[in-house]
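Labels run A, B, C and D following the written order; every chain starts at residue 1.
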């Protein structure tokens, strides 16, 4: 029963995301937009029922409402209703933005992926070090962006320091759009140096995560399911667990 | 004898791939196209004989026919024959597509590379974790793509959400074509943030594979050959093996 | 008290960087530029007081003045005063360059990040090996750039060997602007080979850092604060330290 | 004495490379080209003396002549002399190519970098596995390139299968020039998938090198010098060595 409910929800989430994306495409037949509009309402009403059912079925609703998934679930239903009440031509952009907020529904899906918790923890463990590293990269980009602004000037597209810093980030991360590119020999020399350095330091966060992950890898793995505790709403219980691991509530599994 | 057959086959596979590629190039002398056409038929007939010989020489042909290599071998011969029977001008694209399917012949080559099995196993081992990671990247791209669609609008090329998501994937994976690039200051700021984040999280799959590979590395290495068992058609026997390691069939090596 | 001073300084540094960047943006209201100008002077005077205070409060000022942070602190104040004294229209560029030197103030921020020392040490440890590697990449780029210059010629943008080497660095580091791209079949073939090789060797510095970092990881972590020793001006003391770890000076902590 | 000779040689190599590069730049004063021309001859004559001296001073010249450094040393001198003897306007390109061969002189420099041997060995150790991996990437690129050729067609720049494969390599290695980019929705979807896959598999060679390097790291380090054995011409002796480690020849160090 719970399995079927889960799969239905999963399909509805994916359908909803596809609807949001298709809605923004121009040039489709007018019937398609009408179908997307009504389909969207059906899905939103379903999500509303799910949200209300979750609040009713657990003992401390406030804990759920302000949890990560509670906020995501609210965000998945409210915007469409709100967009219905806002009127007037000037509020058009606000309505459009609200409707697009539905895309955050995709985060509901993370409930169904057991591995995602482990991955999130691994990122969290090495997060502080990687943040320091990314900050160092940013500092380097601000300094080199200013230098390139001075050397290249406005002719090559380096119109201001913020634009130059943007270019430096695009280059250092090896994205390289090519909308802005150095044109003077000196600028190209320094750009080449920035690239070589960027190539060398990309190794640092990788090394950090490798070492952390290798250390984390020895921890055991257990299978978790998506059953929700009626008391505290936490959802990652071990398969076969009889009591909630957080609050001790009976999970009513025989 | 088997060695010579193997090398002939290898050369024919490579020749065939070069033929398929050259056929699509415009502006060559007309004699070249005629040569490619006849050469293609010769190679296809050779592959047909190989396919039939394999089916005849083993005891349970059905097991071979539905195996990975069996399907590849079939795919290497059938399309050209089929393209011969399809007529009418409307079927031109289908014929062209069928003829291009011959490019899959290159997968026949994997039979001759002993290391490829080990590599495939290493990817398989860490595959589930990397898939979860890639899925997380995709979720992030859908959300950020929608945000950029709202900020940049159609003037900068962000015509619809699917296009914006495509742009976000191009940026996050550091490919960076430059056919679509943010033009507003706010859009460039968010793009810079996406790049910095993409630069930081590229470390995650690398860390996973490093740790898995280091653990896998201690397994021993043996030399395998391409001799085929007459009973079960499996092909990676140890050098000097007398019986098939899967079904126990005598390999007739003295 | 020291905490409040630290936070004030941090905010001033960030403000100053934002001021330098905004100053270069064209098209803002004229009042904004005036505000930036006066704001800049206020911050510079504050930094001057900080610099003088640091020199007075320690016993051996010369050691501080010629240290890394001492030079950064000097560089954060002097340029603006100097730009005030240089006159004449021909000196305009020099003044502009001097004013932009203020961007180096961002390095003052590294004092407040405990992790940065560890990161710097990790980079230093594997620095020699990565330098050799980057040098090898450079040698490869010079050779391949010359080859591409010979093959592609001036029509495709490979105007001289330095430009070709620049293109090769852009390609090898996977930045790929697209301002210069090979147009002949042979050039594209060699470019593809360069990319595949670049893709393979990016693994080398990563492997080096991973191994070094994993070895370095076992060293213990202690909390350091930003308190400055009155004698030798070194600033990374352990929390609760009573004497300077470098010169033994009493830190006057009860 | 040997130290001074080494440094002189190093400077001459670097000067020579700069000369080759500058020679290709258009628009410099005519005196510069004349200076480069005569400077080039001086350096080449110096290298010729070095080459002859090396052959005379060792007992078995043939072993040196056909060694890696012997061939590099020959390549550093011969082309300029040959270009002198080739006459006629039709041989202009050959002369230009010969003259550019001088860029290989930069490989002479590797003699002076002790670490480079270790790096080369590390790459060699994991070379076979990385080659298999790169081959797998190539196979994937050929298949996906053919698929993209079929989907996109000539309008988007996918003119032939070789061009499509080139595009696929540019994309998979995350270089992304943008000279060719998919324009149809289906093409962009498949391109996005190729990028995501490329992002995932870049981890594989990194993981391989990390594991190999970590295993190799425990080997001890000794200081080597560039002194050459008079008998076998090998050059990486330990500091203070009295006899050649390869042939046992007396090195005449007191």
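Before moving on, here are some points about what is shown:
In this section, a residue touches a chain if its C-beta (ideal position, glycine included) is under 8 Å from a C-beta of that chain, and two chains touch if they have at least 3 such contacts.
Remember, it's a predicted structure, so these values are computed and weren't measured experimentally.
Ranked by how far their CA centres sit from the centre of chain C, the chains are topped by B. Because chain A and chain C share one sequence, their contact can be compared position by position; here under half of the interface residue numbers appear on both sides.
Repeated interface, listed pairs B-C, A-D or A-B, reference B-D: A-B, with more than half of the contact pairs matching by residue number. Centre-to-centre separation of chain A and chain D, using mean CA positions: 43 Å.
Distance between chain centres (mean CA atoms), chain C to chain D: 30 Å.
Multi-chain contact residues of chain C (touching two or more other chains): 133, 162, 165, 174-178, 202, 206-208, 210-211, 214.
Contacts from chain C toward chain D in the complex involve residues 128-129, 132-133, 135-136, 139, 142-143, 146, 149-150, 159-162, 165, 171, 174-178, 181, 185, 188-189, 191-192, 195-196, 198-204, 206-208, 210-211, 214-215.
Interface residues of chain C, counted against chain A in their complex, comprise 17, 20-26, 96-97, 100, 103-104, 106-107, 109-110, 113, 115-116, 119, 122-123, 130, 133-134, 137-138, 162-163, 165-166, 169-170, 172-179, 202, 205-214, 217. Within the complex formed with chain C, the residues of chain B that make contact are 174-178, 206, 210.
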